[in-house]
């Protein structure tokens, strides 16, 4: 019988903690710093509340949907691990040497942050109640399902789509969902530009640092072992983030004559997103290129969205969605057989691109369609937007009865 | 004689007001972040049962010292920049100034 | 001979670091954000200074008191590991597979944060010198002794009281000590309400995130191995925190029509406290219930204290003390024999409640009596309160010569 | 053949992540909080940009210079691991049981933070472009070379100089480089004192906490295994930091009648620096003394520098440089053979002082001379200083087009 | 003619002052966070040997534009709300206002 | 009659100005953090190709209520403290004060 490997388990305990830290408070700070000071708490609350709801939903039901025994390639048996009763689950997760419960925890942190990322779309105008209902439905009906496709033995894993740590499952799904949601909720009123106006850039940079730190658990933890794959993932993640940060800062400097810290932060996140699906497959040189292109691409996508007047306020789509697409394709280009068994186009195997493209498109389509349905349902039941007066004075006081700063 | 024009405006209209003032050649100004309420007594929001009153809303207090003959022009420019048509557009007051001294000039006088 | 297990050691090194992070800067930020801006540094300094003093006291003497060979069930031999001389200590801590020194470190982080929690009682009025003397005495005379009772082979461990990660040792002892201390030091003057007035809620939320992250090391590290118990502790800790956060936010919404981020943060901490003694024994469903009740209970206790006009300013008693009591009892209710060997009332074993209740009461009584004595002694020797003028202008400038913000 | 040890690897994955976190955002916050609010972003950007540049330079070339096969005791073969091609590197790093790539990553985090520390010298007046060019040259020509001497099989390792985690390699080299650079760039204009004026002390304290947390990975990770050495390093690091913090706070109180949180933070960092070279060799009692003397020494050095009017603005020299010197010498005094094989003067072996002193002097001289050359070159090519008008209005807006706070 | 009443009060008394003003029907106001010292020259604290002078203490500057006939009432209300009996209770000054224009009204005039 | 002296000065000169005022026995004051621009229209920096205009620079607005006969002395003292000789040294204006009431005194009157 399999036994728990303490080394692998030690790493997964650490890595899971690090991924939790990405949401609480990492992403909350990143998003909170980007909005105006009268909306910082409501924006943070979106992240916080989505996290808590997703965690509870995941342990009760989501994990079963994602990792229960495969039903028609589409979902897992939702009743298999319902409530994670100790008597009903294996002690050690099959195919790994770690306890099932930490595997559940690690995967749950992914589900939670994916959900929280979508809060980008409703910043400065979304009702907390609507958002909380949306979070619950999204994590179960969208996230858990795509996770099943790719990692739970579903149809995309049968196609051998490569997604090391969640380019499709986490970033494409949340980024494109955010885009749909931003159209359903509509633009903020009383703004001159759909760009975010950051009220506190040091908060953003704290958030960025926490995200980067946690992402190392996210990607290197996805090896589900403390092994060569994890080490590769760790290093290429760090390198791609550095490369993305410099690339975006460089683009900003090219256009405005100056780099900027927000550019650096955004570029680091873009690089991290893009390397996510690739981290177990590409080498260091590949990661420099993947990160740099992610920084440039997401930079262009942010500008594109702003020119279009799309109010996907905190750029989940441009950064997570689009760099997620790039990273998923890039995995099919740069996968180096000297790193793991898989080879991409540049290493002589053009066929890997097929499942990468299919998986990317499938994730986009499913996430967008389902988000549309869920968001419309939430709109009908609760309504998405705060009253106009509330939007004007900022959401923190009317929605939460709190002001962030009382000096 | 100079006057001190004080305007209470919306923060998001500051750039417009600056633009209008530049059009008439007025650059110098002092800007203070304040909170305020007008004759509306604050906004009471109650869409969730228990009302919350938001009575002090962030505003910008603009201070501009100008010669008397420019006052009307300045008021008109501020008005054009600050107007939205909604409650909360703000108010302009004019105070008399008895002396207006530039520190650099005055120092030279002192030390001569 | 026993050898060091690298996996277990890896986890304990990480976990100990995470617990350190809970104090520095986690708790310091949590507390610092809750006070007015002219007291933020003095409040943070209370945490920082208590931490440093407790660490030094622990390695010199405290560890021996807690873990030296048992004297009459009450304390450990204080001279046994005095100064932790390498020649006098075992390389590997008996009963574990980790080096003694990291076990000392891990346990020391508990001692330090327990001490720092009590700073809640003196916020905005306590003298740093008095506090530092108090910290030194408390960690040696209160913390180390109760730690011996429960974990060092003392009388409570003979009774088979369950306290996985310190519900009694850390949270009950510090929470009830804070209550006593708040009465000895007396209420703040010049305040309208004994409620804290948070000057910077994002700081509180950063602190909350760090506490939550670190608590995973605190609870899952208490398995002193990277094993099934640690995995269980990790997951139920995360779940209970989420559940507590939602419960407190819900209570606040019920009463005021709105949730709040401070409610969420407080509820998360309450859930974390309550799951602490239980983390190695209860299952996921149990943890949802434990966390939710902790959120509701501590919410009520905060309101109770405010109505009573008790100025236990930052709610160590209501949150750590009372959710600590609840968690210690709940361990006797929800302990699931399918998780570890222990069973609670709901799994057919009413007897477990006995040592839980005895341990809870003993910890409360001992902590309160000893804190009374120590605090009175400190009052006589140094005096607890800053002069009235200082309290009026805020402690930061007169006590530390510093202002937090100089924009 | 050697195999990967999952426990050791787990610890190195965690430790490397923790060291990354020290720079991003730890050091950036520590430095950013110390400057005026109109320079916070440019100061943070110095850290952020140096980090990213150093990471890329390290994986392409620096690692080879430091760890390639020894050329004349002076540098490693720079082409040996160029670009870290998977085919050209061993899977497991020789002499360890961890994957080469995480060893590269761990060491790379050291290279990056060492470079970033030097930003102290150019705060509030240095051009980002000049700094970025400097970072690139410094990490390759100074850091990687000294790392080779001490850790890569170079001449200092042949002399048996002890430097457990980088007293010479990281702290002496960066601290003294900062001193040279501060003279080349010259004093800030428009200041009354060369002391830093902290605009946001809570930011400094967040940074301090992150540094402390990460330093446990830095020092205990330097065992490159989860073993007895790592445990010793973990504990003495924590203790020395606490001791340094209390010592500096005490000195401040002695002089001004009050301690201060910035004093505490600075003392903690001084203690951490001093224990760095010693962490694997000294015992707990030794670490208390080393930390306390570091706090006192660096306190005096800061005052000395201010009296002299040296504008090494954020005290990399006084804290990292001088406590680095102290720690390197102290290793030769306090090394306890009961901890590891090495003995220092106080344990009967005066000879260990020789390589310690030689190594210290060699690091100082090499770092200062090379920094002088590189900095002069950068001055000629790009120019170090922002225009006077920029310095007057603060660097954030003109250099980055951003303002930190927009309330 | 209107007057500008400026009051320097303790931050913790703002709510009381607002309450007193509401009692007499005065709602509009502007609030500024300032630092100040009165005739006491700041507070010197020396309980630990080396003195520290806290000379600029956070205060609230309240600005209220009111018709002349209301001035005395406003002063009395502020005084009732701000009083504690200790040094630092503050000060009220009254300045003459020469013009007082509501932006929305003025805009309509301009554009007509 | 009292006057309200308002000075717009550089933040880094506040201590010097306070020092000069203390020398002539003037302690009470109110300090506001503001942003401002003078007649220079802000500073345009363009050393990197694309210009950035820094038009609102942090300043301190100092408010001092003094008896008429002290006004000139106060202006001179502020000027001495604030002067550097560079653009941006600031400006001092003097406004008439119609009433100047100490809250503690007034309260006693009210309640008697």
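Labels A, B, C, D, E and F are assigned to the chains in the order they are written; within every chain, residues are numbered from 1.
Rule of thumb we're sticking to: a contact is a pair of C-beta atoms (placed from the backbone, for glycine too) under 8 Å apart; a residue touches a chain by one contact, two chains touch by 3 or more.
Predicted model, so just to flag it, every value in this text is computed and none were measured.
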(Q) Counting hops between chains that touch, how far apart are subunit B and subunit E? (A) 1
Q: Kindly list the shared contact partners of subunit D and subunit E, in label order.
A: C, F
**Q.** Interface with more contacting C-beta pairs, comparing D-F to E-F
**A.** E-F
Q: Measure off the straight-line distance from the CA centroid of subunit B to the CA centroid of subunit C, and report it in whole Å.
A: 51
(Q) I'd like to verify one number: the distance from the centre of subunit C to the centre of subunit D, where each centre is the average of its C-alpha atoms, in whole angstrom. (A) 33
Q) What is the distance in Å between the mean C-alpha positions of subunit B and subunit F? A) 18
**Q.** subunit C and subunit E: spacing of chain centres that average the CA atoms, whole Å
**A.** 45
Q) Which residues of subunit F are in contact with two or more other chains? A) 32, 52, 95-96
Q) By residue number and range, which residues of subunit C touch two or more other chains? A) 5-8, 10-11, 14, 18, 200, 206, 210, 226, 256, 258, 398, 401, 405, 407
Q: Enumerate the contact residues on subunit B facing subunit A in the complex.
A: 12, 43, 45, 47, 52, 54, 57-58
Q | Residue numbers on subunit C that touch subunit A, as the complex places them | A | 5-8, 10-11, 14-15, 18, 36-37, 197-202, 205-206, 208-210, 212-213, 216-217, 220, 225-228, 230-232, 234-235, 238-239, 241-243, 245-246, 249, 256, 258-262, 264, 268, 283-285, 288, 336, 338-339, 405
Q | subunit A partner contacts - residues on subunit D that touch it in the complex | A | 4-11, 13-14, 16-18, 20-21, 24-26, 28-29, 32, 40-41, 44-45, 48-49, 51-53, 55-56, 59, 83-87, 91, 98-102, 104-105, 108, 128, 200, 203, 206, 210, 226, 398-407
Q | subunit E-touching residues of subunit B, taken from the complex the two chains share | A | 3, 7-9, 32, 34-42, 55-56, 59, 61, 71, 75-76, 78-80, 82-83, 85, 87, 89-96
Q. Within the complex, which stretch of subunit D touches subunit F?
A. 38, 190, 192, 386-387, 389-390, 393, 397-398, 401
